[in-house]
Amino acid sequence: MQTSTLVSAEDKRWRLIRATMRRHGFAANALIETLHTVQEAFGYLDEEALRYVAKELRIPLSRVYGVATFYNHFAMKPQGEHHCVVCLGTACYIRGGSRVLEAIEKAAQVKAGETTPDKKLSLLVARCVGLCWLAPVALFDDEVASEATPEEVAQKVGEWVDHVSS
Amino acid sequence: MSVVVTLKINDIDVSGQEDETILDVAREHDIYIPTMCHLDGLSSVGACRLCLVEVKGMNRLVTACTVKVAEGMEVYTETERLKKYRRMLVEMLFSEGNHICSVCVVNGRCELQSMAGRVGVQHITLPYYNPLRTLDTTHERFVIDRNRCILCTRCVRVCDEIEGAHTWDLGGRGIESHVVTDLNTFWGDSPTCTGCSKCVHVCPTGALFEKGRSVTEMTKHREFLPYLTMMREKK
Amino acid sequence: MYLPEDELQRIDEEERLLKGQYKHHIHVCLGANCLNAHSAQVLSALETEAKARGLEKVCSVTGGGCRGLCVAGPTVTLEPDNVLYGKVQPNDAGDIIASLGGEPVERLNRPTDNPFFMRQQRIVREMEGRLNPERIEDYIAAGGYKSLLKALNEMTPAEVINEITRSGLRGRGGAGYPTGLKWKTVAKARGEHKYVICNGDEGDPGAFMDRSVMDDFPHRLLEGIIIGAYAVGADRGYLYVRAEYPLSVKRLQLAIRQAQKQNLLGNNIAGTAFNFDLQVRVGAGAYVCGEETALIASIEGKRGQPRPRPPYPAESGLWGYPTLINNVETFANIGAIIRNGSAWYASIGTEKSKGTKVFALTGTVSHSGLIEVPMGTTLREIIFDIGGGIPDGRKFKAAQTGGPGGGCIPEQYLDLSVDFESLASVGSMMGSGGLVIMDDRTCMVNVAKYFLEFCKSESCGKCIPCRVGTAHMFDILDKITKGEATLDDLTLLEELCDTVKHTSLCGLGQSAPNPVLSTLRFFRDEYIAHIVDHVCPAGVCEFEKEAVR
Amino acid sequence: MTTQKARIATIWLDGCSGCHMSFLDIDERLLALAKVADLVYSPLVDHKKFPEDVAVTLVEGSVSSTEDLEKIKHVRAHSKFIVSMGDCAVTGNVPSMRNPLGVDVILRRAYLEEGLENPQIPSLVVPKLLPLVKPVHAVVKVDVYVPGCPPHAETLFYVVSELLAGRLPDLTKMTRFGV
């Protein structure tokens, strides 16, 4: 039972990826658009999917890897259940954004750009989320924490991470 | 068919075809311009910036390997400013990787090593980066030691443009950039590498070399490249 | 026979009729910022409330665009009374509906007769807050697409280019290259195809001007792009939008579909022989893709690495074809220039910088948000009149313009006219329009370090000076902020600035030293204080208890 | 009459002594040198303490340990000219190959993982290693750089002769990194 639902779910992912490639006539320049779809379908750039895309778009494997690792938006590893994005735009930075980041790194024992080993939390940094008047800003699963203090964010992240260990 | 233009390089009157680059014309007239990423027979990318020259009337320095000559151009290749920049650029390359000349397979035949001598770099004022980089010895005949890679992308270009395999490319970006084979998998497992060795021979440093070569033992042969380019253009 | 003018006229009239039925119009801002502050819920609460009171025939509740006063989001605009409400919550809906026709709700009311609104002049953001960005009808009823029809029916491409040239419009992406000249070059270039690319890869931290244009006025942008395509003879185009702006992507795609339906895009546009196909391409998080050759590589599906110019994209761009690349704000100016004439446009601004400029005003300033002012407005007017000055009784220290490649402008230049040349003369640049205000609690060395960290991690890695040089510069600045640097390090830093600025391949590297150079120029004493006295005058940098050397 | 002879010295930090060997390869010219200069301190001679007021000190080796660091600072304070002799002093060379890995990794490898009896990382006698091996100029001011592994005897003789003659040697055509 379970296996079959998994397979059909998988099928849907491949169909999505294929649809994107078809929409662009399987042209090589569709690579970035297709990688966006792969990431939406899998949550990250799955290696098998990369091989599939390379073959279908007739792009060398190394070029696919080169593009996938050039752009920040693409993740090469599975992401956590929750994500926290700390804004490091100019306004956030001068209002203490980096201290917010440090507090989260310490509380969750994870570095920016990484995911906790239990896959509960991915910590990301953004160049600017465009909410400068709320600085410093952190996003917890898209919920905005404005004028964030290190204590607040540490507590918030602690809830997610503690949840797991208990 | 192409038009002949006259120009000055370092106040010397020279002439060239209008589809030639400043570098082409300079070399035809035995005027030395340092290059690192450029290699005859491959496309030019203007990445290493060592061939930057001053052109009168242009507010920016230009790469001699990519800019075409034009009638009345006045080019300067050895100004004090350029010399200073070249020294700094070479220093940057040394500081970025782990270049230990004394134990390198191409010691004495390395383009980076001789470039240091040529532009007058006798020590590196910049702090060393000491990056932790990988070495891949899985290929049966060749080795890539990324510690010695200067990211000139000659291997990437020769593999793509001449061999047609495109096994190599760049991964990551910025200071984290590195050359990869396929999906950053082991070279020895590569389904695309033909083992042609072109990448090994165009590599300016000891980053790519033949297995079994010891210190100073690796000689690189590039005579094939202009020949291959010519033969393929004919087709 | 199909007459597009008639069709637009019909839509215009229908809209007027429709709007005329209502006595009150309530526009709820659906800009990205207000949406973040849950303005969609405010919108539905207002709708429910109007219905509950049986007023759905008397007042219309619609989504509108941004009023620029982002600090007060979510904002609601009432017409015809011209009332602006700020920080509106869903449970304010009852009071708002109840007050219609009477006195405004005092606790929500934001005055609009203050300098923030009175000192602005809107061309790019004309009708701000009053157009529903998801309806082409709103734009048409406001006179939209008439410029396109005028260009197509009454002007030759050369006349369009002449008009743009005479207007004095310069590229709003940062460098300020004359737009008319660029168009002329592309028009002259030969190619089987020609492309138009709109650069919506707005990546400067603290900059969201282009996002607001794409979110609030997608059709104004499309109109400018289509006119540009007609002028240069392009048949295909791309709108490159950064991945961080999903709302922009959605609205532009919708706008494209709407325009296609009205035959304003596609084949035989508005019944003429002009064909133009436009697609949206989504970036993937690389600042360097704002550089035009890198952007082209990215649209081609490659790593976004720039290549040396010449050849310029105008001659050899996307897939080797002649390509016109302009930034979002540049294109958003085009419609108004064609409609009102180049003489009108050229009358606004300074001698060399014409028209208006949109800024994202942020940092330690009272009224953070989006503003549009004529070129030549002084920094003092922007910061202290429009921006309401520095909050918390603090003192102004510097204004940072031009993004990561810009500079910090100190107090003695507050009366500087904001235009391309003046900003460059003090070591900064216009850039795309980020304007970050810093008060006396800001450490300028730390600010320089911040920008270098940015440039270092956004460097594509292709050319040596940018790849390695920015990393070394960051390391030295880091040492300075930790009190571990020597005066020799400062000398080395300045040498690195010189080399990176003059030898880097593209604008990212060439401008990366600017934050260091400008802070060294105006705040050198702060560097010295860190290095020699192991003191951070602003109290930001923390040193080890015992000085390291 | 006894003209005052120049006081020269050589020291050896983290290196293999190859540069000193190369220096000795100037052979009979050592005698000529001895006529104009005194070797007042060197691993080659029996002096316990680095003297004051040295004209020229040739430094072989990189700065790898706390002892190297102390030594070179002392030497700098008492030498008019410091010559970085050879690649270890100029670039860090082979000793610096541990830098990317860090000290702990190599100490564990050398003292714990080699199957020794009673394995332990020495903490007395052996001076503490610095986190990063550095070239001499990263720690003190250097006046003349002589890259090469090792530099040729000719080159070294030229350097010393020029310095003793009161000139700064120009080595751009004579030597380079590695060979």
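Should a chain be cited, it is by its letter among A, B, C and D, assigned in written order, with residues numbered from 1 in that chain.
We take it that a residue touches a chain if its C-beta (ideal position, glycine included) is under 8 Å from a C-beta of that chain, and two chains touch if they have at least 3 such contacts.
All of these numbers come straight from a predicted model, not from anything done at the bench.
Just to note, of A-B and B-D, the chains joined by more C-beta pairs in contact are B-D.
Averaged C-alpha coordinates give centres for chain A and chain B that are 36 Å from one another. If each chain is reduced to the centroid of its CA atoms, chain B and chain D end up 34 Å from each other. Distance between chain centres (mean CA atoms), chain B to chain C: 39 Å. Averaging Cα coordinates per chain places chain A and chain C 26 Å apart.
Shown for chain A are the residues that touch two or more other chains, namely 63, 66, 70. Among the residues of chain B, those touching two or more other chains are numbered 125, 127, 170, 172-173.
Every pair of chains in contact is given here: A-B, A-C, B-C, B-D.
Within the complex formed with chain B, the chain C residues making contact are 286, 303, 307-308, 310, 456-465, 467-472, 475, 492, 495-496, 499, 502-505, 510.
Those residues of chain A that touch chain B in the shared complex are 47, 50-51, 60-66, 69-70. For chain A in complex with chain C, the residues that touch the partner chain are 27-33, 35-36, 59, 63, 66-67, 70-74, 88-91, 93-95, 126-133, 135, 144.
On the side of chain B, the complex with chain C involves touching residues 45-49, 52, 60-63, 66-68, 81, 84-85, 88-89, 92-93, 95-96, 125-127, 129, 151, 170, 172-177.
Interface residues of chain D, counted against chain B in their complex, comprise 84, 87, 90-94, 96-97, 99-101, 132, 135, 137-138, 142, 145, 147, 149, 171-172, 176-179.
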